[in-house]
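Next up, some structures in C-alpha cells.
Two complexes follow with subunit A in common, the first pairing it with subunit B and the second with subunit C.
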Partner chain A sequence: MKDFGFAIEKPRALDTDKTNRELYTRLLKREPSFARCFQCGMCSATCSARNFTDYNIRRIHTLFRQGQTQELDQMLKACMLCGKCTLVCPRGVNLRHLIIQMRKLLNND
Partner chain B sequence: MSTVAIIGAGVAGIEAAHVLASNGIKVKLFEKGASALKNIQDKAFLFPNFQSAQEIVTELSAKLLSDNIETFYETEIINLGNSQNSWVLTDKSGHEYVAQAVLVSTGYKVFDASRKEELGYGIYKGVITSLDMENMIRYDKIVNAVNSQPRNIVFLQCVGSRDEKVGNHYCSKLCCVTAVKQAIEVKKRLPQCQVSVFYMDLRMWGQGFEEMYRQAQEQYKINFVRGRISESASTFDGRLQIKSEDTLLGLPLKMTADLLVLMVGMEPSTGTTDLGKKCNICGEYGFIESLNPHIADNKTAIEGLYVAGTAKRPMTVQDCINDGRSAAVTIQDSLRTKNQSSNAD
Partner chain C sequence: MIQKITLTPFNSFVIPFMAGVLFLLVVCIWKYIRWIRLFNEEQRAVLRKNWISWNIFPAIWEMLREGLLHIRIFKRNVVLGIMHQAYALGWFLLIVAGAMESMSAVRHLNSDNSPEFASELISQGNWIAYSKTDTPATDILQNNPENVKIHYKRPLHLAIFYRYFLHSNSPQFKNAKFYANLMDALLLYVFLGLTLAVIKIFRSRLMGMRNTTRHTIIDRFSKMSLWCIFPLRFLAESVTASLYGNGGFWTLSLAKLFDPVIVEGMEMSLWLFYSIMLTIFFVTMPFTRYMHIFTELFLIYFRKIGMTECNAKSGYSMFELNACSRCGICIDGCPLNRDVNGHKVQAVYLIRSIRMKERASVIRTMSTDCLMCGQCSIACPVQIDIASLRKIQRNKGAIDTRGNYSYLHGMRSPFNAMGRVAYFGGCMSHLTPGITTAMEQIFNAAGIKYWHMDHHATICCGRPLEQQGFFNQAAELREKNKRLLEESGAEMLVTSCPICYQSFTKEYKLDIPVMHHTVFIDKLISEGRLTVRHGQAKTAYHDPCELGRGMGIYNEPRRVLEAVSNPQTVKLERENSICCGFNLGNTVLGINDQTKIRNAAIENLTESGAETIATACPMCKKAFLHNTKQPVRDIAELVAENIILEN
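Let's look at the complex of A and B:
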C-alpha cells in the first residue's frame, strides 16, 4: 500500500455493545472486593511504580472493567507486587491479589 | 386564640399543621389540588430504608384528623396581605381568610425533561424520567419502548440540575441516591438486566446512602460510569444509542440501551414562585429565601410569614418532616411572644 504519511486510526470510542465483559465477570468471582472500587486513585497515588513510570494501576483496573484488556498484560509487568496499594485502599479492595488474578486471566490461566 | 394559615398540604405543611394543632393552635390548611401529599403519592419506596411511600402517606394523612385543623382543598391562595397584625389570604374565587401567621409550604415541581431536547425525552419512547421509572417499579412493570423486557437500562444523573443551559446551577440533592435506589430496585426484579449509572459526582450525603451505593456495586453489580450523556438517538430496531465519555479513562463511549432514565431535578412549583414574587421573598431560581439558613431558616424577610419544605430548596421527605416541625415551633414561639407583649400593653 502506498504510504501517504497518515492513516485512519481505528475508532477510539469504547463501544460497550462490543466489549466482552466475560473476563471482568471472572475476575470478580476470583476477587469480589473489586466490585466495591469507587475509582478514588489512592492505589495509584501510593504506588512506587506509578511515581517513576507511566504505570497506573487505577487506570489499568478501570480498563479491565471496561473490557479494554489488549495491552494490560504488558503494562502489569511494571508492578512489583509490593502491596502498598492494598494497604491504602479505602474500599478494602485486595489489589495485590487482584493484580495477580488479572495477570492469570490475561494469560488464559 | 391564634390561627395559622398553611399554604400547601404536602409533607412539610401537614407535619407543621399537626404540631401546631396538637399544641392547641387553630390551623387552616389550603391545598390547591384535590388531595393532600400529591408528590409522594406516586412514589414506591423511600430511601434509605426502602420504606413503602404509601405507609408514610397513611401516617401523614392520619395527622390531619384533628379538631384544630380545617382543610380547604381545591383552594388556591393567590394573594396575601398584612394589616394590623393579621394576614388576609384571598383565594381564586375571591374568598378571604384571616390568620395571625402564614406558613408557605407550596413545594416543588420536577424539571421538565423535554427541555433537554438532545436527550430525547418526548421524542423516543425509551427515554423516560425517574418518575416514570418509579411508577414502573411501583406497579412491577419495567418494560422497554415495545413493552418487552429490557436488557440494558441506563440512568443519567443531574438532568435539569448543575446545568447552566437550563439556568439551574444548583444540585437537586436527591437524584443521586434515587438513581442508586432505583437501580437496585430494577436489579431485584430483573437480575439479568444490565444496569449502568452515568454520574458526574455521586453525592451520597445522608445516613445509609454511601452504604447503599456500596451495596449497589458489590451485591447488585451495577455499573457506575463517570461521565454525562450528551445525546441519545434511535437505532434502526427501536433501541437507543447514547454517547458519553468515560472521563476516568478519557475515552469516548457509546452504548445501546433499551431505557434511558433521566434523573430529573427539583424546581420551585409555580405556586411557590408566584407567592414568593408577590411577597418579594424569592431567592435564586424562584425558591423562597429564608431569613438565615442557620438560625432563622423558617422565617422570611417579612414578619409573620414563614416557609417550610421544598418551597425553600430541594429536600428529602425526611428533611421536609423535620422542617415542618421546626416551622411549627418557630411560629408558636413568635405567637407566644406576640401575645405576651399585647397582654402587657
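Let's look at the complex of A and C:
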C-alpha cells in the first residue's frame, strides 16, 4: 500500500498538571514568534524531511510545549534546515530559529 | 699614520623612537611566528608546497596595488582613494626618500672627509665622535687634521630626524636641495590625506560613505598619535629651518614666519614630541587597527599561493582578522544597516570583536544576525573572506553533531539516468512549481534528455546547514546527493536554486559540470537549440545574492532576459543588488525586519516602471510574490512562455 506519511496514532493520556513548561518558557524568550503558532500544520505539510519519513515538525513543537522532550533531540536531527516551513507559516513563526533553539535547549545550551 | 675616527648622530630624543621601533619589531615578529605556527595541516601543506613559486610576482604586484595605491578604494570613490593612498603611498615614499637622502648625504660626507665639517658637527653637540685608540677623537681631529679618516655612521634615526642632525650638507652633495624639496612635497602629500581624513569625520558623504566606523578608545588614541606625527614633523623642521636655513620650499616658507630668537628654545621639544608621537604610534600599532599595515601584505602573499580559510579558526584566520583596517567601507551596503537599523553585524564590527576577544555572547549575536548576503565581502578592499570567518563563529555556537538521516539510506538513482542532464530544482522550487514546470518545458523543447532528480522530494543541498555552522550534518547531506549523482551516471547538473548551485559548485567537488539554469538556457539559445520570441513585457531583473555576488553570474541571465523581454535599468544592480531579505543564511531576523529589506528591494526594482519583476532564484521569487503589484516571474518561466516550437 502506498504510504502517504499519515498514520493513526495510538491514544495517549497526558497529565497536564504535571507538564513541565520550563523549557517552553525559555524557548519563547528566545523565539517569541512561537507564541503566534496556531498549530495549523502547514510547516509539516511542506517539510522536505517529511517527504521521506514520518518526521513531523508540528508534532515536535506540540511535544515540546507539553514538556515531553525525551526523544525530541534525535527527531530534530532529521531536519535539513531548508527553510520551507518558515516560508509557508501563515503566522510568521521563525521556524528555523525555533528548531536551532530547541536543539540548544535540549542540549543544555 | 692615518687615524680613524667615527661620528654618529645622537640626541636623547631618539631614545623613545628607537625603543618604539624595537618594540614594534619584536611584537610583530612574535605575532607572525605564532600565527604561522597556528596554520592547520592544509595551510601548512600549501605553504610547504608553494612558498616559492611564480605566484610571488602577482602577489608583489597586488601588494603594491592594494597596499600602497589602493586601487580598489579608488574605484569605489576617488576622494576616498586619494585619502587612503596619500597616507600609505605618501608615508612609504617619505621613508624611502628619507633613507635615500640620508644615504647620499653620508656617502658624500665620507668621501669629503672634511675635518672642518666634522669639528663643526661635534661642536653643535648632536654628533658623538669616538676613536678606536686611547686618544679621544676630538684630540685627533685637532692635532692631526691632515691624517684623519672620518667615518660617518648612518643609524636608522638619521633619516627620521635628518634636518635636526644635518643643518648643512657637503658641497659635493649636489642633490641636497632636490631632496629637501622632494621631502617637503611628500610631506605635503601626506598632509592632503590628513586633511581629507579630518574632513571625513564631519562630511563622510563627500567620500561616498554614509556611515563610518565607530572606533574604540584605543583605536582613536592611536589615530590621534598618527595625526600628530606629521604636523609635528613639519613644525620641528620649520623651526630648525628658521634657525639654520635648511629645508625645502614648504618648511622654509613657514620658517620665514618665525622669529629665530623666539623659537630657538622650542626646537628640542618639538623634535622630542615628534619622536614621542612616533613611539606612541609604534607601541599601540600591534594592538589596534593599524596592525593591518603589514598584515595585509602577508595575507596577500598567503592568498596568492593558494591558502584559504578552513572550517575552524586557524593561523590564516588570524592574518585575515588582523588585515582589516576598520575602514568601514563594508558598512554602507549592508541591508541591516541601510534598511533595518540597530544591527551592528557588519564585517568591521564582527572582525573587531573576534580579534579583540569580546564576550562569546556578543560575538555570537554578531555572527548569527546577518543575512549572509555577501554585500560586505564584495565591498571589502582587502577581500577578507568574511563569510567563512562568520561560519566559523556560527559553528562554535552550534550543536554540530551528526544528523539523523537514516531515512535517506534507501534513496537510489533510476537506471535510466545514465548520460542525461540531471536537473535539481531544490527544496524551494517545490514552493514555486512554476519554475520546475518551465524548466521541463525548456528541456523538452530543446530535445534534451533530462532526469529531474528531485521531482518528488528534495534532499537539501546542505548549504543552509553549512551556513549556520552545522558542518557535520551538511556533509552528510552532501554525501547523499553526491552518491545519487555519481550512481546515476548523469553527464551534467543543472540547478534552479542559486544556493544549490553554489553548493554543488564549491562544496561538492563533482566530476561533472554544474550550471545554473540561467547559464544553461543562455547556452541553449546561443547554440540555436532553443528559439524564443521577443516578448513585450518590461522587466526588471533582480540579481540573487547567491548567484551574483556568490557565483559572479551577472551576464547570462541578462542576455536571456534581453532575448525574451525588455529589461529596464535598475538603480542598484549586479554587485550592489539588494538582498530579498529572506536569504537562507539568516535564521534570526524576524518577519518584520525581513519585510523591510524586501520592500527596499522591491522599490529598487520597480522604480524604473518595470511591469514584471524577473528573478533567477525560487527563494527570491517566493519572497517577492504577492507583495508587489507587479507579477514576479523566474527567467525560466519567461523563457518557457516565449518558446517557438519548430515544426
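FYI, the second predicted complex is superposed on the first by the 97 of 109 C-alpha atoms of A that agree within 3 Å, B and C clash if a C-alpha of one lies under 4 Å from a C-alpha of the other, contacts with A are read in each partner's own complex, and residues count from 1 in each chain.
Just so it is clear, a residue touches a chain if its C-beta (ideal position, glycine included) is under 8 Å from a C-beta of that chain, and two chains touch if they have at least 3 such contacts.
Predicted model only: the values in this text are computed from it and were never measured.
> Would subunit B and subunit C fit next to each other on subunit A once aligned, or clash?
In the arrangement built by aligning on subunit A, the partners subunit C and subunit B fit side by side.
> Using the touch definition from the top, say if A:C40 reaches subunit B (first), subunit C (second), both or neither.
Neither partner.
> Which of the two partners, first being subunit B and second being subunit C, lies in contact with A:L28: first, second, both, or neither?
Once the two structures are laid over each other on A, A:L28 reaches subunit B alone.
> Examine A:Q66 and indicate which partner it touches, taking first as subunit B and second as subunit C; both and neither are also allowed.
first
> If you stack the two complexes on chain A, which partner ends up touching A:R103: first (subunit B), second (subunit C), both, or neither?
Touch partner of A:R103: subunit C, not subunit B.
> What's your read, subunit B or subunit C touching more residues of subunit A?
Answer, by number of touched residues of subunit A: C.
> With the two structures laid over each other on chain A, which partner does A:R12 touch: subunit B (first), subunit C (second), both, or neither?
The first partner, subunit B, only.
> Compute the least Cα distance separating subunit B from subunit C in the superposition and give it as a whole number of Å.
So the smallest C-alpha gap separating subunit B from subunit C comes to 15 Å.
> List the residues of subunit A that touch subunit B in one complex and subunit C in the other.
none
> Which residues, counting only subunit C, touch subunit A once they are in their complex?
Contacts found on subunit C: 398-399, 401-405, 407-408, 411, 427-428, 430-431, 456-460, 462, 464-465, 468, 470, 473, 477, 582, 584, 587-591, 619, 622.
> Any idea which subunit B residues touch subunit A in the complex?
202, 213-214, 217-218, 221, 224, 226, 246, 248-249, 251-256
> Which stretch or stretches of subunit A touch subunit C in the complex?
33, 46, 48-49, 51-53, 55, 74-75, 77-78, 80-84, 87-88, 92, 94, 96-97, 100, 103-104, 107, 109
> Tell me, which parts of subunit A touch subunit B in their complex?
It is residues 12-17, 28, 32, 35-39, 59, 62-63, 66, 68, 91 of subunit A that touch subunit B.
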